[in-house]
Each structure stands twice: as structure tokens, then as C-alpha cells.
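Before any comments, here is the structure.
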Amino acid sequence: MGTEIRQIHQEGPYCYTYSPFHTPITTVEVGETVCIHTVDAFENKMTPEVEHFSDVCTYPFLNPQTGPIVVKGAEPGDTLVVKIESIEPTRDHAVTGLVPYFGGLTSTKPDPTLQDALEEQWLFLPIDDDGVRFDDQRTIPYEPFMGTMGVAPKIEAVNALTPDYYGGNMDCVETRPGNEVWFPVFVEGAHFFTGDAHASQGDGELTGVALEIPAKVTVTFGLKKGYEIQWPRIVSEDFLMVAGSGRPLDAAARIAWVELINWLAADHGFDPLQAYHLLGQVGQMRLGNMVDPKYTMVAKFPRKYLS
Amino acid sequence: MGTEIRQIHQEGPYCYTYSPFHTPITTVEVGETVCIHTVDAFENKMTPEVEHFSDVCTYPFLNPQTGPIVVKGAEPGDTLVVKIESIEPTRDHAVTGLVPYFGGLTSTKPDPTLQDALEEQWLFLPIDDDGVRFDDQRTIPYEPFMGTMGVAPKIEAVNALTPDYYGGNMDCVETRPGNEVWFPVFVEGAHFFTGDAHASQGDGELTGVALEIPAKVTVTFGLKKGYEIQWPRIVSEDFLMVAGSGRPLDAAARIAWVELINWLAADHGFDPLQAYHLLGQVGQMRLGNMVDPKYTMVAKFPRKYLS
Amino acid sequence: MGTEIRQIHQEGPYCYTYSPFHTPITTVEVGETVCIHTVDAFENKMTPEVEHFSDVCTYPFLNPQTGPIVVKGAEPGDTLVVKIESIEPTRDHAVTGLVPYFGGLTSTKPDPTLQDALEEQWLFLPIDDDGVRFDDQRTIPYEPFMGTMGVAPKIEAVNALTPDYYGGNMDCVETRPGNEVWFPVFVEGAHFFTGDAHASQGDGELTGVALEIPAKVTVTFGLKKGYEIQWPRIVSEDFLMVAGSGRPLDAAARIAWVELINWLAADHGFDPLQAYHLLGQVGQMRLGNMVDPKYTMVAKFPRKYLS
Amino acid sequence: MGTEIRQIHQEGPYCYTYSPFHTPITTVEVGETVCIHTVDAFENKMTPEVEHFSDVCTYPFLNPQTGPIVVKGAEPGDTLVVKIESIEPTRDHAVTGLVPYFGGLTSTKPDPTLQDALEEQWLFLPIDDDGVRFDDQRTIPYEPFMGTMGVAPKIEAVNALTPDYYGGNMDCVETRPGNEVWFPVFVEGAHFFTGDAHASQGDGELTGVALEIPAKVTVTFGLKKGYEIQWPRIVSEDFLMVAGSGRPLDAAARIAWVELINWLAADHGFDPLQAYHLLGQVGQMRLGNMVDPKYTMVAKFPRKYLS
């Protein structure tokens, strides 16, 4: 990838929903590699000067997305393939923090109690060649991924905090450089969005906020014509994966496992119960997020067992 | 209510989302009483001739809504008050059935297993003055309510099968004649929708399908200016109620209880923990639905304990 | 019932588990009516002088039960029938309170967060002929029931805070005077326990603590030989009911509905899917508890629809 | 470890509960290394000749445990440390299968539907030096662990299928050779049990049955006097881990994360919110089981971040 790669910036306002109602910002060809510029989950507004998250961010205007990008030729019933080539930070630091009533170890708006919120805290962590400096003693390797990517639903507009069948805010570390991410196409042109780059993240995005960065992400678009899927799939060198989203985690897990079994049955010659048996012994599951409006679990099948 | 009442019909296509993107079908004044005509959850397409649900209905084109109706003067931060005056069926029978992989006692798309679906079955049940004839031996009283009612979210468009903070498909029997239903307003004019009338329903809408009817529902619109609520509230002669929606039922319940406590604290002089104590001893909870994309629980405070 | 009724007191220590390992305190005949004396959930130790719950109560020594009572002739595979005749308080006041990290609107040990606990608070509420005096303005009717009743599991000993297939701490208002409660029998003599009388309670026992009283409960024992059930059943004048317990509430609900359908199919001539249809339209569900180690939901079938 | 190591066999019947009521089979010293012999989860009764699981196994007589083993000097308030040295199969094949209404992708007794069960299927898979032969094309590496290990609760007797605060049927791959497993001690002598060896297993034990083997497991017992923990902890070369168990998976996850934060705060100088922040970025979570009466999630902290 050279200097020729087209740079895609959001010219107008960012998108706060995954929706077919936004005006496309550009069109790409199948096979084209482009570099998409994204702002961080707080639209780059959380700075050391800001006292409270709520001073600069208001629901539902959160997690701004770059897009929609029209993929020429994509039609309902196809599958969009997004190969992630690289993710580079466009700022010298990552932001993370504790937002009141948001996160994995606090009561939240969709599951409230009468308890007080945890203390609001913000960290601004330098990024250098060694990684992200958590504190004087600890540096976290730079292992970036896009927290949010996906396509427009058919008639719905869903806030960009939610992951679902069309992708969205899955917050799973597998949407990372080197991997292909597949999305079902619901509208002409697919209408691809991405944002919410993370310099790194633990399983579950436990505090609700990862190491948030603005970034430029280089991707190559592909298309599987007439190939229909129900949930986002991810292909790495070693694994076939499905990202299922729902509540509670049990439901997210079952969605991911069942779609993975359907995949193995449809494309790889497995009887469904045989695939179930084998997943019971060699399947892996990675917790994506346990903080968003829907939680995400990633079911993984090691490709070495394909036959 | 005489013949003067304005009749509101959906002229163009019905709405399949709760959304600010639909063109309003009419405008009403605060204080106005109107009669809204709705089709059933299957757009009146399930007839004895139809073999399979999937022959006539396709997701997401389900649960068609009449609307949006603009309420003059309603602004974000207000609360819309909808007094339900009456609900009359506009057909001589109700439809109910078992849709594959939908319902409370089957695995479902948002929580799948590898098991076969239950048998698809449809019932067409006559309605007469005694009620709905379930079979030769059993007649179910006509106790109608609107399965779905609510307002447009601010920037989202949510499928009409889902209940949430803006109302929608709550499928709770308390949205019935005699009761007031309150909704938070997110957009100018509120953009009210309703549909999915039920001649009767058990707690939980267990099979996923109630006694579905097309109907005309007479409502009177009110407005509480500058009065902000977080979740739909319902006022009956005997109860203050909140309909909370989420997954699992636990979360829906907690949402409803907390909003009810906030209400008692803000308007009725309770200390929050005092209200919590009292609800522990006299609160009631009614299961709305345990079948929709979000489940609904209704928390109820007996008004006789207001003081 | 006259003065002749046998009075059963716990002579030795109370039981803190539902278990086959306790020494029986007495034996009753089928058909016999007895009066069982119970202490409150805190073994009558919470008095106005006590500052903290933890000063007098320590897990797992909570919710003391009177029993086990051997029912002569009861054998595994039978069903024990307990008709509740009356429940009388043996103290002039009820106790209720907020226990740190216990209750429906706080994080808890089985579902913790990092948040601070709610304030510990205790109320001592006089009982008189009008009911329980919540405060100067509010009197709650005396509508007593046993929070906990059941039989010994086969080989397990389960803490008395948990409800399950053998009964236990269901905390549902339907175990009240006038109703029959049925339990599966797992060991010779059934080994019946009861305790945790409540002067009244809201749905869900929201604060985790009802209006707790020591009491004398008069019951009559019956036995259905060779009649096997999976979960506690309750028969009132108007309803057939099943109390299902599990987590989350969804699971408790499904357990209750399925056992109810099995009952209707086995004893009342229903085809299972016909019963499912009918419950969808006329079934009721009452929230028992949403605070104990397992939650309880009560599925109700109106007996008038039996045919 | 030479031929000197004491061999511990279950002389009488195996134990089907984690309980203080069983007669100890032997006593070990702190620091002693012993070799414990276990049968498989089906008490070695599932053979190719058996048609149905229910012909040879009946609840609650499942998952037989070897024990209890008294650890000399262990007292309530201590922590028992079990270092797993090795696990060797004592049969030339592993058994796995699909038990009706048990597993991760079927409805189950604790969360039932009206659907038919999946087909019952059994596989008998040879074990050799390369691993377990799943079929002609696939060999699964031998990566053994004990599905079940733990200590007696204080007064409860819990079926051996359930994992909880005392350990039990966690079915997580981290209870494997090379790792230390820590358990809270509730009774004099701790009363240690183990069983349910697995030749290998995928995350979640998805089918409900792993590669089940009888085994001899060599362990060394240690004791941390006066060191109190709430949930089982696991120490490997690279991780500090906690196994939390509950339903749904969300609760199991939160239990594990909170105990891990408490550990980091108590022993490693972290402020709790600092540990929360760091886990959000570097924490890992491994799905133990999503099939047992309680589910298990393992929270992991990379030891390289200890400082």
C-alpha cells in the first residue's frame, strides 16, 4: 500500500447511528484499498481540561462513526468482506476513563440499582513505540482494533453504542489488522461505517472504555455475491469466528455458536451435531464486551480442524 | 364521544419502525380526542387460507403501526399523555398462532439452540358479545389493550417489535381503556404511533402472539410541559405504574422499579429508600411480555398508599 | 380447629438447610392438622437495640426453619399436600430492613459491582387489628404467608435462603391460608420444614426483607400416593399454580410455565400446545422473589378454564 | 515423583455431593504429594453397549467424586492450596456424548422449552500418544484438567454437577497440571474432593460433556493459614485467576472480576479502581462452562503487570 491510497475523511457531521438514512460520504470499488480516518469514541472531546464526561458528551451523540461508505455492487443478500490492513493512531495518547453508571462492575441505565455511581476518573496515557504507558511501571502493547464497524440495517437506525447482527459496536479484539470481517448486506451499496479505534483492550472492555484513539484504518473491500450470513463473521489465519451480540452473555454466546455451526455445516461439510461435538472439545470463546447495550461473545473454530 | 370525533387512517404504507424519519400522517391538538384505526400485527394478512406465516410476513416488515401523529406543541423534555378511551375491534375474529422460533417456550433467534421449531399453528377465533371463543367450552372476556404505542426516539429508528424507553411493543395489558399512558418526548411534535391491538392477552404474551385484532382506538392527547420522564408511565384509577423493558426480565424489572421510585420521590414526597421499603411490602409487578426483543415488566404502586 | 391441635415447637436448634440429614422433631399422620411454631427470618434477633444485621446474623445461619416433620407413609415418588389453614403472628410487630448488598435494587454477592452498599436501615412496625403500621399515614393489611416451606432433597442440603424444586425460600405470596401447596417427596417421610412467616409482602420481596414475623401456622397434611411432580404446585379456589425458581427470572418463569403445561396435559386432558395457546391468552404470572439465590415466578392457570 | 507417592482410591461409594457429611477416606499432611484415582463423570458406566444414558445414570447420582480427603491442620478461615502435578488417563479412550436436555445449545431442565430434545449420541474416542482421535482426520491434543475439584461447604451438601464458591464442577481448563488452585476452607480438615477428569475440552464445555476419562491425578497440598478468600483462585506461571460461578454468565463474570480486584488490592498494592482500569485494558476472561447448574467464568490478570 503506497501513498496512492485514497484517504477518506468525514466531511460533514459524524454518524451516531448505524442506519440507511445517512448520506454516503464516498463510494469504493470492490477490491479497493482505502484509508479511513476516525475520531475517538468521544469525538476527541475528552481532554485533561474537561471535568465531566457529561460536559462534552450527551447520549445519543456518542461513538461517532465515519461513513457511510457505499460499496459498489453490494446488494441485499450479499456478504461484504472487509480486510483490515492496518490501524494507526493519529494522536500521541489514548484516553480511558470511568463514566458514571457505565461499565462492567457498576449498575447501569439498562440494569439500574439505587446505589451511588463509582467515582468519575479519566486517564490520558502516552503512546510511543513501546505501547501505551499505563503508569510508570506498566506499558501495554499496542494491539489495535476497531471497536465499531458494520453496515446499515435495512430500515432501522441503531445508536452506535450497540452491536448487533449488522456489526456495530462489538468491541471485540478480533476486528484487528490481518483479519477479514464479513457483514451481511441489507441495502444497496452496503453502507459501511467504522469508528471507535482502540489502541488495546482487555476482554469485556470491563470499564466500558478502552484505550480510545483517533485513528486511520486501512481496509480492503471484498464482496461475496449471493452469499448470505446472519451475523458478522471473522476470518483470521488460525480461526473461523462469529461475533454474536445480545443479553445476557448466554444469549450472545449461543448466537455465536449456532451461526458458527451453520457456517461449518454449509461450507465445510460438517453435519450440525458433529460440528457441535467438535466445538465442545476444541471451540474457543472470547468475551468481546460486557458493557454495551448488547454484549458480544466471539465463538472461534480452529481452522486446523477443518479437515 | 360522538360522531364528531376525527377518524385517523393510515393513508400510505404503515410504519415498521418507531422513528423520527416517517412523514406525519396528521396533527392533533393537545386536548383533542381522536379515533385511530389500526391493522393487526400481521397487517391483516393471516387468513385461514395462508399456510405459513413466512408466506405473507417477512422481518422487519412486521407489526405495522399507524402514525406518526404530530402533537402540536410537544417538545423534547415534555411528557406526552395519552388517555385511552376505548378500543373496538374492526373484525369479527381474532387471530393467534405459533410462529416458528418465536415465543416464550421455544428457542428463538435472539437466544437460539439447535433444536427443531415447535409446530406452526394458527387459530381464528370468533369475537362476539361474550368475548373471544377459544373453543366450544371456553370464552375469553374481551379485555382489549394496545400492544404497541409510543413516540419517536430522537435519532434512532427501532423495529416495531421492540419495546424500550420510548414505548413501542410493550405488550402489557395496562395500556388499556381507562388508563393514561405517559411517554417522554424526544422530537418536536412527539410523533406518536400505535398498533397491535389485542382483544385479550395473558401475562407475558406467552406464545408470542395475543388475540390479534384490527381496531379503532379512541384516545385523548395531553401534554405535561417541561416534565421529564425516562420510561413510559401508566396511571390507572388505582395504580401508578412504570413499564420497563430490557433483557433479561431482571433488568426490565429493575428499570421499572427504579423509575417508579424516582417518580414517588420527585412528585409525592418520598425519600427514595422509604419508597423502596414501601414497594418491598406493597409493590406489585406484572409481567408484560417475555417474547419480544426486549422483555417488559410493569411495576405498580397502589395509589391508596400515596399518603 | 379447636384447642386439641398439636403444637409443634423446635426443641433443639433450628435448621438452616433443607436436608435429609436433620433429626426429625416429630411425626404426623396423613390427614392430621397441626400448629407449627416458627421464629422469624432473623431468629427473632433483630431488635431495636441491634445496630448491624451482621452483629447477630451470620451466613449460612439464616432463615431458621422448624422441622423436619416426618409425614408417615410418604415415600419417594409421592406428592405431599400441605393445606395452610391459618397463620397467626406471635409477636406484636413485624421487622423489615435493608441488609447491605442484599435486595432487588442493589448489587449483591451473587452479582457484585464495585459500588458502595445502600445504607443499612431497620424498621419495627406494630401489628394490630388493622394490619401493619408502616408509618403514621399507612397501614398495610395483614395478608400473611409462609416465605419458606418445603421438603428434604434426596442427598443435598441446601441453605434455607434458596428456593428450588423441593420448595424452600420461594417467598411467594401464594403459600397462604386457604391454599394447598404440593411438594414432590424425595425421602421416606418427606421431611417437611417451614419458617420465615411474612405478615405481608409486595411482589418480588423487593428489599429482600418482607414484614418478618414469628408465627404459628396451622396446616393439614395430605398425600397423593404414586403421583409425581417436578416442582411445587399450589392450588387455590381460583387457580392452579406452579412456583418455578432459577436465575434469571426468565428461567424461573419458563420452569413454572412448562410444569403447569405438563400438569394440564397429564390431569386435565389438554394437548400441550393447546395448553400453551390458552396460557398465552389467560395465563397469569406473579413475581415471587427477585432477591434470593434463586428467583421465583408463579405461573397461574384460572381454574374456570379447565373446561 | 517416584513410586513412593501414596495412591488414594475410593474404597466405598463415590461421593455425589460436596458436603461435610461424608466420612473421610484418608488424611494428608500439608506439603504431601499424593496420587488420587478418579472415575469418569459417568462412573465409567457409559460403554458402547449402553443404549441410553438414563439406563445407567440417574440424577443426582452423577459426577462421582473421590474424597473427602482431610488436610491436616486446615481450619475455617484458611486457604487450601492444591498444586496439580500431573493427570494421567487410566483408560485407553475418552467418552463424550449428547445427553437429552443437557448442554449449551439445547433447552435444559433449569431453562426449559416445549421443544423436542436433540438426538442422544455417544462417541468413544481412542487416546494415544498423539492425543484423542476425534475421527479419521482430526486428533485433539491431550490437554487434561480436572473438571471438578473443591472442598466441603460449611453446612451444605451440593450436588457434584454444580460449581460454586467452594469449587466443585467448574469445568474450566485452568485446573490443569502446573497450576495452583486455591480454595477457601470451611470445615476442619478442608475435606477435599476431586473427579471428572477431562482429556481435553473446548471453552464452555459446549455439549455438556467433555472428553471424559478416569484418571490418576497427582497433587501437592499446601495451606495458607489465616488467609481468607471468597472464591477459588488459580495461579499459573503467567496469570492470577479467579473462577466465578453463577447464572447468567454475566453474574459469573462479575463475581470473578470483583474477587480478582479484591486480590490485587489486598496483596499487590493496587487501589481497587486502579485495578479496575488496568483489567479493562489487559484483563482476560475465559469461559469455563455454560452448561452446568451454575456457569463458570475465569477472570485472568497477567502477572507481568503486577509491577
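Think of it as A, B, C and D in the order they're written, each chain with its own count starting at 1.
Criterion: a residue touches a chain if its C-beta (ideal position, glycine included) is under 8 Å from a C-beta of that chain, and two chains touch if they have at least 3 such contacts.
Keep in mind that this is a model prediction, so the values were computed, not measured.
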item: Equivalent interface positions on chain A and chain D, same or different at half; value: same
item: Centroid comparison with chain C (C-alpha atoms), farthest chain; value: A
item: Chain centre separation (chain A, chain B; CA means) in Å; value: 33
item: Residues of chain A engaged with two or more neighbouring chains; value: 105, 112-114, 118, 248, 250, 254, 258, 261, 273, 276
item: Chain B contact footprint on chain D (complex, rising order); value: 105-107, 112-118, 248
item: Chain C to chain B touching residues, read off their complex; value: 96, 98, 103-105, 118-119, 121, 123, 132, 134, 137-138, 140, 200-211, 248-250, 253-254, 257-258, 261, 273, 276-285, 287, 290, 295, 297, 305, 307
item: Chain D-touching residues of chain C, taken from the complex the two chains share; value: 16-17, 19, 21, 60, 110-114, 153-159, 246-248, 250-251, 254-255, 258, 261, 272-273, 276
